[in-house]
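Shared between the two complexes below is subunit A, which pairs with subunit B and subunit C, respectively.
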Partner chain A sequence: MEKNPLLSVRNLRTYFYTEDGVVKAVDGVDFDVYEGETLGIVGESGSGKSVTSLAILRLLDPKGKIEEGSEIIFNGKNLLTLTEDEMRRIRGNDIAMIFQEPMVALNPVFTIGDQIMEAILLHQDVDKKKAREMAIDMLRKVGIPEPEKRIDEYPHELSGGMRQRAMIAMALSCRPKLLIADEPTTALDVTIQAQILELMKELQREYGMAIILITHDVGVIAENADRVVVMYGGKVMETSDVRTTFKTPKHPYTWGLLNSIPRLDIEQERLYSIPGMVPDPLHFPVGCRFSNRCEFGEEKCSVEMPPLVEVESAHMVRCFFYHKVEQAQKLSKAGEGA
Partner chain B sequence: MTTFIIRRLLLLPLIVLGVSLIIFSLFQILGPDKLLAAYVNPNVFDKLSSEELEVLKEKYGLTKPFAERYGIWLWNALKGDLGWSQVGKDAVLKSILSRFPYTLELALYALIPVVGVGIWLGVAAAVHRDKFLDQFIRIFAIVGWSFPDFVFGLLILMVFYSVLGWFPPGTLSQWAEEIVKSESFHKITHLVSIDALLNGRLDVFWDALRHIIGPVITLSFLWWAYLLRITRSSMLEVLSKEYVRTARAKGVSEHDVIHKHAQRNAMIPVVTVAGNMVIGLLSGTVIIEVIFNRTGIGRLAADAAVQLDYATVLGTTLFYSIVLVLGNLIIDILYAVFDPRVRLG
Partner chain C sequence: MSKERKMNTELRRTMRKIFRNPSAVLGFALLIFFVIVAIFAPLIAEPINPMMLDDNGNPMKLDDPYVMPIITWSSTPVPPSADHPFGMIQGRDIFYGVVWGTRTAFFIGLTVTIISTLFGILIGSISGYYGGWIDEVLMRITDVFMSIPFLLAAMVLTTILGNGIDKVMIAMTVFGWMGAARLIRANILQVKEEQYILASKALGVKDYFIIMRHVLPNTIFPVLIQASMRMGSLVITAAGLSFLGLGAPLGYADWGSMLNFTRNWILGASGSTFSYWYAVFYPGMAMVLFVLAWNLVGDALRDVFDPRLK
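== the complex of A and B ==
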């Protein structure tokens, strides 16, 4: 997979200028997305993962600004230098997006057909009749029964899972090269979650598109992503392929996240939780942003921000003491074995 | 939908019955002499002798018990006879019907500036939130909202009539009135300005227009305020909704995002407010009619109330309740048109 990346995010900084001060929601984020792969971005709420995805499409609300020096290179073009008109031709066409709550992400006063056809008519040179046929095809493809009938229904007439399928149909109607899925299954029942993720995988195989899968659910990432970016406090803490990160995490935060997943194979009295709370983005700790919650931290951590370093091939970690995590891991593995 | 409309229309007689019963009983504090006025043509009332009056009191059952009197009134009302209007100097029904076209005309002319511009300003304010345009519109709205209508009406009259001489009070000038009343002027819609156009009398049309502009400006300025505030807050709420972001993520242009995706949703609460404004306009606007010396149903009702002309009060109240019920029915239907989630039934 060592090709040119489809999307390169470089030193992305997105600041919100509020009355209380500057919120550095995303503060120097780098990652690449390659054609046809799924990149998972995982982190707690407030880690900057959603802001990152909105920044790629330049859909931040007016208070949020992408700072000078940030670069978002898509297909060789820096999206941040495009005009609003050029950007509009990319949205929904080359890069599409689906959101968390299909209930509120679909416009309640238009039929799902209207909303899918709108995307088709905006980006493709077809007439209304053809667009309607294409919309019906898309609905069939995402597994909506009786698409000829359902196309004229309003969002409130569909179930949550069906709505998310309609949302996916809309996003994929112009065959985008990149699909950004922001918590696509969080609002759905667990059984429906699996169906929707399976559907996304199938369509990815068929269309060969890349997916950025944003979620706080480590399990979803583990099963669906090829590579993972762990975000915390607006910064990338760790990134590598999914197996490496989840088998041998090197950042204390990733380690904490993985430990807080309930496990059925070992007996646990209490589920682990990372101590403390997500810091207020107006008052991030000086030095490493995780320092005030970190079990492995030393004095140095609250003074200096550790750099993101490549500790193994294609495995980057932002921690001075990552070897402590390695040791802790060995110990706990040994403990399990005993 | 059809059953919903039928059910609502079936409510109408019940409401009318209730309203009439209340007004009718309130007026029973008046003596039989005063009540008799409702049954006698006002043009001959003063010429009657006291013996003749006694005979009439007997004839109309004014000395009979309440239930019987109400029964007589109701029976006559059902036959379309609402009695005589002392204020209107004619039968009550005729008095109402002859004034309603003036009220309707003012309502129609005020509708476009009041509703159209009000919504337009509200959307503009929301889109330019906290910018200069928004601040300007909001100050404008607060001023309009806090201005008493009689003060603003008088100001308009002072500036545009006394000083500039553009928009005179009244309904028509003397000469135009004569043309309208003449045999050769065909009354087709009973709306003066439209009839003038249909008769090919541009001069009369222009005269009617000059007389209606003052009240329209007054109504607009005062009523915009409310509508634009509702529209602005509704629009702001909708603009922060996720489906607006979805539309942008699809590549929809900013114009369509605002005027198609957002506005359609923002109109849902506005329909109720705008609908109630139209009902208010159709019920007549007493103060505007008095200040601008216009004929209209609001003034008829107010004069009747002041003079204890109970037949006219009853008649206009019944008219209001019919306008209100039908108006609300139309609002509910429009509601369902704007919001597919609403099912009438």
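== the complex of A and C ==
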């Protein structure tokens, strides 16, 4: 049964016009998010994953432009053709966002209750008393102890994990259909990270919302996402369900990413690392953007951009020589077995 | 409720901080003193003219208490006496002028500071928040206003508008908002990059509310501190304009125009330099203490509110 996607991003191109030239931060990105699922977007810094998420909410700073021909269809409506007022009604109400740094994503001069109530009063037709009750409920839901007391505390009185919980309470207070989580746990320590991700999963089950989980942490994606989009240099390199991508990667970049994760089950002298650096977005290689760092590349790669092709059902890869990665994968599996 | 209790402890902490600092105490004490003098001016210096009696033989009430009555025909300043503790000059009681001049000082200072600061905040916050060409246009206009020497601009404007306290105030407001505008713009540029601004945009909060609720509370204190310091200096400027004959009309209860009276007597009589000291000393001292009070209060506020100095 084919479901209609909740959000479809089509040919999203976001360019930044700087004094040094045009930075093509996101250059032709397509993906779908279905109701109730978690889509992971993984990539290095500068791969365009955060810009993609800001573009969905149309919150880019004025230098960044979403180019003609891009489409962001949410619930059947193209968000890029809405007026600012219509867009504002969608933000927070239908699509909410949580951020990387819970330390700075809350306003220091207001109590967390004030800030959660602001979101509720903005999108729902309730009075202050009711909004306060709803905020307390929400804080209880995200696992903040003694919410009746905590609601009147200022952000600096809460720990990092508590603040991220408060952020989640704020984002979910209007029961959005889609939650964009931009590196939600990167600034937290590992135990808190696991708790927050677990909380997000629980709330997702309860509310049936979709989540776009943006991170550079492949492990977080593997544990929490249903499907994954691997981005590099503003382009989608590989996308499929999580299991397929992580079991049988077909793009050299994905392969490199997975190989650079430390493993406890095999002995490793040195951790693998992808050679080279992320290219300067002002001077991407002409052909495939990964060509200057790719171990499998050939002449063709540095002159021609490979298309994103479906190599198996629902498994898309942007590489001319993905079969080489398949072979390498088989070899290393065999090596492990021996 | 716990919220109220929290506010109280916050307030008490702030008060303690202020009262531990002796110069802050002095500043607030002086300010309170001036406020009391201004409020009770009609009791301290009764607005009556002892030279003119009504039908019952009582001194007549003044039509306008801010116009100092002429109470002696002596052409030289009269030294302090029991009836006129600060002495008399140009036929007017200096004590009366100093007391009612306090009201004038507050009136000029508060009005000009409030209007010019509000205007500056408006310009600066639009400029800083929206950026781009709006910022460019508004800041270049600000630059134009700043490039004109203040005293010269104020003098030219009062010449065009005509003399009078209100005209001086208009001139000081027109050429006095740029500091606040620049200060708030710089602060907003900093705060606007904070993630909580982006977070509230992502919640769909309107621009107006983002500025009012999230940006200004985080940027307003430096401007308020600057405004309190300007309160004092504005009074000096107004006095300067009055001294030049551009401000208050002759005989108006204003410290600056009282100093204007002393122009011929500043050097004293031949042979005794300080013989008319009281003519300069009392209005001058009132002005110095008034400015000092506001500066100390401004310092105290900065110490309390500036997180970098905590």
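For this structure, a couple of remarks:
The criterion applied here is as follows: the second predicted complex is superposed on the first by the 337 of 338 C-alpha atoms of A that agree within 3 Å, B and C clash if a C-alpha of one lies under 4 Å from a C-alpha of the other, contacts with A are read in each partner's own complex, and residues count from 1 in each chain.
Definition applied: a contact is a pair of C-beta atoms (placed from the backbone, for glycine too) under 8 Å apart; a residue touches a chain by one contact, two chains touch by 3 or more.
From a predicted model like this one, the values you see are computed outputs, not experimental measurements.
Subunit B and subunit C, once both complexes are superposed via subunit A, clash.
Judged by the touch definition given at the top, the superposed model places A:Met170 against both subunit B and subunit C. When the two structures are aligned on the shared chain, A:Asn93 is found in touch with subunit B and with subunit C. By the touch criterion defined above, A:Glu118 reaches both subunit B and subunit C.
Of the two partner chains, neither subunit B nor subunit C is touched by A:Ala328.
Judged by the touch definition given at the top, the superposed model places A:Ala105 against both subunit B and subunit C.
Shared-chain residue A:Asp152: touches subunit C; no touch with subunit B.
In the superposition on chain A, A:Leu59 contacts both subunit B and subunit C.
Judged by the touch definition given at the top, the superposed model places A:Leu199 against neither subunit B nor subunit C. Of the candidate stretches 57-65, 75-83, 273-281 or 309-317 in subunit B, only 273-281 runs into subunit C once the two complexes are overlaid on chain A. Subunit A residues in contact with subunit B (one complex) as well as with subunit C (other complex) are 57, 59, 88-93, 96-97, 99, 101, 104-110, 118-119, 122-123, 167, 170. On subunit A, the positions that touch subunit C within their shared complex are 57, 59, 62, 88-93, 96-97, 99-101, 104-111, 115, 118-119, 122-123, 149, 152, 167, 170-171. On subunit A, the positions that touch subunit B within their shared complex are 54, 57, 59, 84, 88-93, 96-97, 99, 101, 104-110, 118-119, 122-123, 154, 156, 167, 170. The touching residues of subunit C, when paired with subunit A in their complex, are 1-3, 6, 131-132, 194-196, 198-206, 213-214, 217-218.
Those residues of subunit B that touch subunit A in the shared complex are 241-243, 245-254, 261, 264-265, 338-341.
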